[in-house]
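Several structures are given next for inspection.
Each of the next two complexes has chain A plus one more chain, namely chain B in the first and chain C in the second.
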Partner chain A sequence: MNRPVKTDNIACRIIEGQAFIINTKTSTLHELDETATFIWRLVEKGRGHEDIARSLSEEFDVSREQASKDTADFLRELEKKGILAASDETLR
Partner chain B sequence: MNLSLTVKIGQIKISFLCPSKEWHSFIIRNYRPFLAGSGGSAAFRVVIERGIRAPALCGELKVQRAADVWQISRYDFWSRSSFAFRDTSLSVEKNKYAFDSWLRVFFTLCGASSQTLLLHGAGYGSKSGVFVFPGRSGKGKSTLIRMLGRTGALSDELVCVFKKGGGFFAASTPFWGELKKGTRRPFSGRIRKLVFLEHGTENRLDKATLRDSVINVLKTALFFSREKRHVNYLLAYAQALANRVPPRVLTFRKDLKRNELLKILNREDA
Partner chain C sequence: MKPSDKLSVLTRTNHIPLICIFELTRRCNLRCRHCYIDQTADPRGELTTDRIKAVLGQLAKAGTLNLIFTGGEIFLRDDLFELCRFARHREFDLRLFSNGTMIDGEAARRLAKMRVSSVEISLYGRRDTHDRITGVKGSFLKTTAAIEHLKSHGVPVTIKCPVIKTNFKDYPWLAAFAKSNKLNLRLDPAIAPKDSGDRKNLRYRLSGPQMSVLFNDPALKLKKLPDQENADLSCSAGANMVTIGYDGTVYPCLQLLLPLGSVRERAFSTVWNDNNIHLAKLRGLSINDLPECFKCNLSAVCRRCPGIALLEDRTAIGPSKIACKIAKIQHSIASDFQ
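Our next item is the complex of A and B:
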């Protein structure tokens, strides 16, 4: 999976360790939990899928396979919500 | 005859240049308590055009920006503003519903550059400060203002919240809901508590989390801009407001008496 890229329609703020994201196109508020916020911070730093999965695996003590699957699922979810630009993989 | 006048809501002053004496009287009649004296200058200037110009009047409300011009339109109004809303040209039907609707939208856009937010909520001022009750329709805002009495009420529908000297204040607005008669004497005061409303079978005031406060403020903010910088501002504002003003949840029965309600709201430990 390519490096996830934020769309131009979002405004985000981390409040009390939780990410609050507003999709300005749909006026929808998304609130991320601790794990999702952890991934989101890495997305904001421009990290790629594998890199994020590795950090997730280390931080939350889950297997690399599980972390990779969880990361992919989450990024796909963000794509569906218009928060991340669609990756090549989704478009295929 | 000078056909200009200034309406002040919270800290925002909007001056209107009217096209006729009828328009001038219309604004005086509907916004009298909010008319500001002639001293000082308004940051936002609106020229009301004679008659309705209808290049793109459409049924639904639309707030759009094209290059450096903002356009607000609905079937009964149309306005064009400069980038920072300093100068606006307005075509609107001369009735309270149309003008009030336009003013609400315009005010929120002015607010985004003036540390001001319009919250769907009721407000009530007492000697100890202002209680703001954010909540969408059906949460009990008008019921609560009926219980507390209109004398200290800021509004039962939309309250103006603004930042001043590091503190948050709430001010009366001309925008009322069920209790249509509105404000006789506008006032503002430092916000003492943000109180979210719940109907229940008992009367009590509980602490709310900062997270709940942020979410409730975001959900009740009247906000029309989809501009990223404005939405970022809204998020930062909600966080600052939730950080600075103690959030509470008021559960109340409809038969709660005024004195009892004030006692609950004023309790220092809650």
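Our next item is the complex of A and C:
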């Protein structure tokens, strides 16, 4: 996955530092923790996977390899939930 | 804790307007006999498209996630689709309340494309019953056609129906209709007086025995199990829920008509965060502020609405006749059950 892109199925707000995302297709509410919200904010800024991993590594003091894996896992999870699409899909 | 509970607690505690009911118009093409709205045919006084968009931007910033467009009949506004598109671009969870009579195949297609979360349609029973309640012949056929259009385009539909004397015999038909069409169904016997305070429409309320039949029907799942330990008679109004009236007046809720200010004159957040006496009371309200209700042995099954209590019983913080009546029925069902 290069640059993650939000699908047009979502409703979202960051409340008290925490992201809450609804998949409007399934009416499911998802809650992101602090780290996930950090990544989500970067997704919203249109940042790519490697860029996100670099910021994550710096912010949370983890290795680049670990940050890259964590980012990929998280983005894949959001794809499965219908919140993200791959950047080459023109959903937006 | 479930994400929805956590979000509710977080927003109630911090007074974030998570839910906004936005009344776009008071015009309507039906004349439903139980309706709480004093209708008008005059669009003057309604907020303009630009003003609504500005307020939606302010709501998004304030943290509103769940947005409901209601009326009147919202499809009477020429700019409805423009407003829906705007709201979805700002990533609101958007629900529409409508009578469905103006939703054709093209409208359903556009709503599906915008990914509205659901359309909640008022349907009151079989054809004759429905048309008798709306006062408009042919409205049943238009409303049920709208449900078909929305379904075929994959837009989630909820059927909403106040159960009154006129359609009491039709509620089993509605339940079967919703089941066979795989639609959500919301039945409510607690109709509210008119906003003007006029109570004439309350003559359509169900009798006690009729309510008892309704709450005892296992197919409807209206039975409320008693929860004495967590009895909570407060509500979200003014805490994490807000209503914006058709003319820009801000209220804690569509039913609780305590004016807080106007978005015509001030930014939404200024009204919401103002030191308004109504808001301060609502936000500090606990079961201890309702001494009569606190002592009542029905509080565990009570679904008291402060707005209806204010309109009907002239007090937002005292007992509500209709809530007491329903609570007594719920309590007797629970006692039989035990």
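We adopt the following convention: the second predicted complex is superposed on the first by the 85 of 92 C-alpha atoms of A that agree within 3 Å, B and C clash if a C-alpha of one lies under 4 Å from a C-alpha of the other, contacts with A are read in each partner's own complex, and residues count from 1 in each chain.
Everything below uses one rule, namely that a contact is a pair of C-beta atoms (placed from the backbone, for glycine too) under 8 Å apart; a residue touches a chain by one contact, two chains touch by 3 or more.
These numbers come from a predicted model, not from an experiment.
Using the contact criterion defined above for the overlaid structures, shared-chain residue A:His30 touches chain C, although it does not reach chain B. Of the two partner chains placed by the overlay, chain B and chain C both lie in contact with A:Phe20.
Once chain A of one complex is fitted onto chain A of the other, the partner contacts of A:Lys69 are absent, as it touches neither chain B nor chain C. Of the two partner chains, chain B and chain C are each touched by A:Asp8. With both structures placed on the common chain, the touch criterion links A:Lys45 to neither chain B nor chain C.
Legend: residue contacts after superposition of the two complexes on their common chain; A:Lys80 is shown touching neither chain B nor chain C. Touched by chain B in one complex and by chain C in the other are residues 8-13, 15-16, 18, 20, 22, 24-25, 27, 29, 31 of chain A.
Across the complex, chain A is touched by residues 3-4, 6-7, 10-11, 14, 16, 18, 60, 63-65, 88, 91-94, 115-118, 156 of chain C. Of all the residues in chain B, the ones that touch chain A in their complex are 210-211, 214-215, 218-219, 226-228, 231-232, 234-236, 239, 242. Per the touch definition, chain A reaches chain C in the complex via residues 8-13, 15-16, 18, 20, 22, 24-25, 27, 29-31. Considering their complex, residues 8-13, 15-16, 18, 20, 22, 24-25, 27, 29, 31 of chain A touch chain B.
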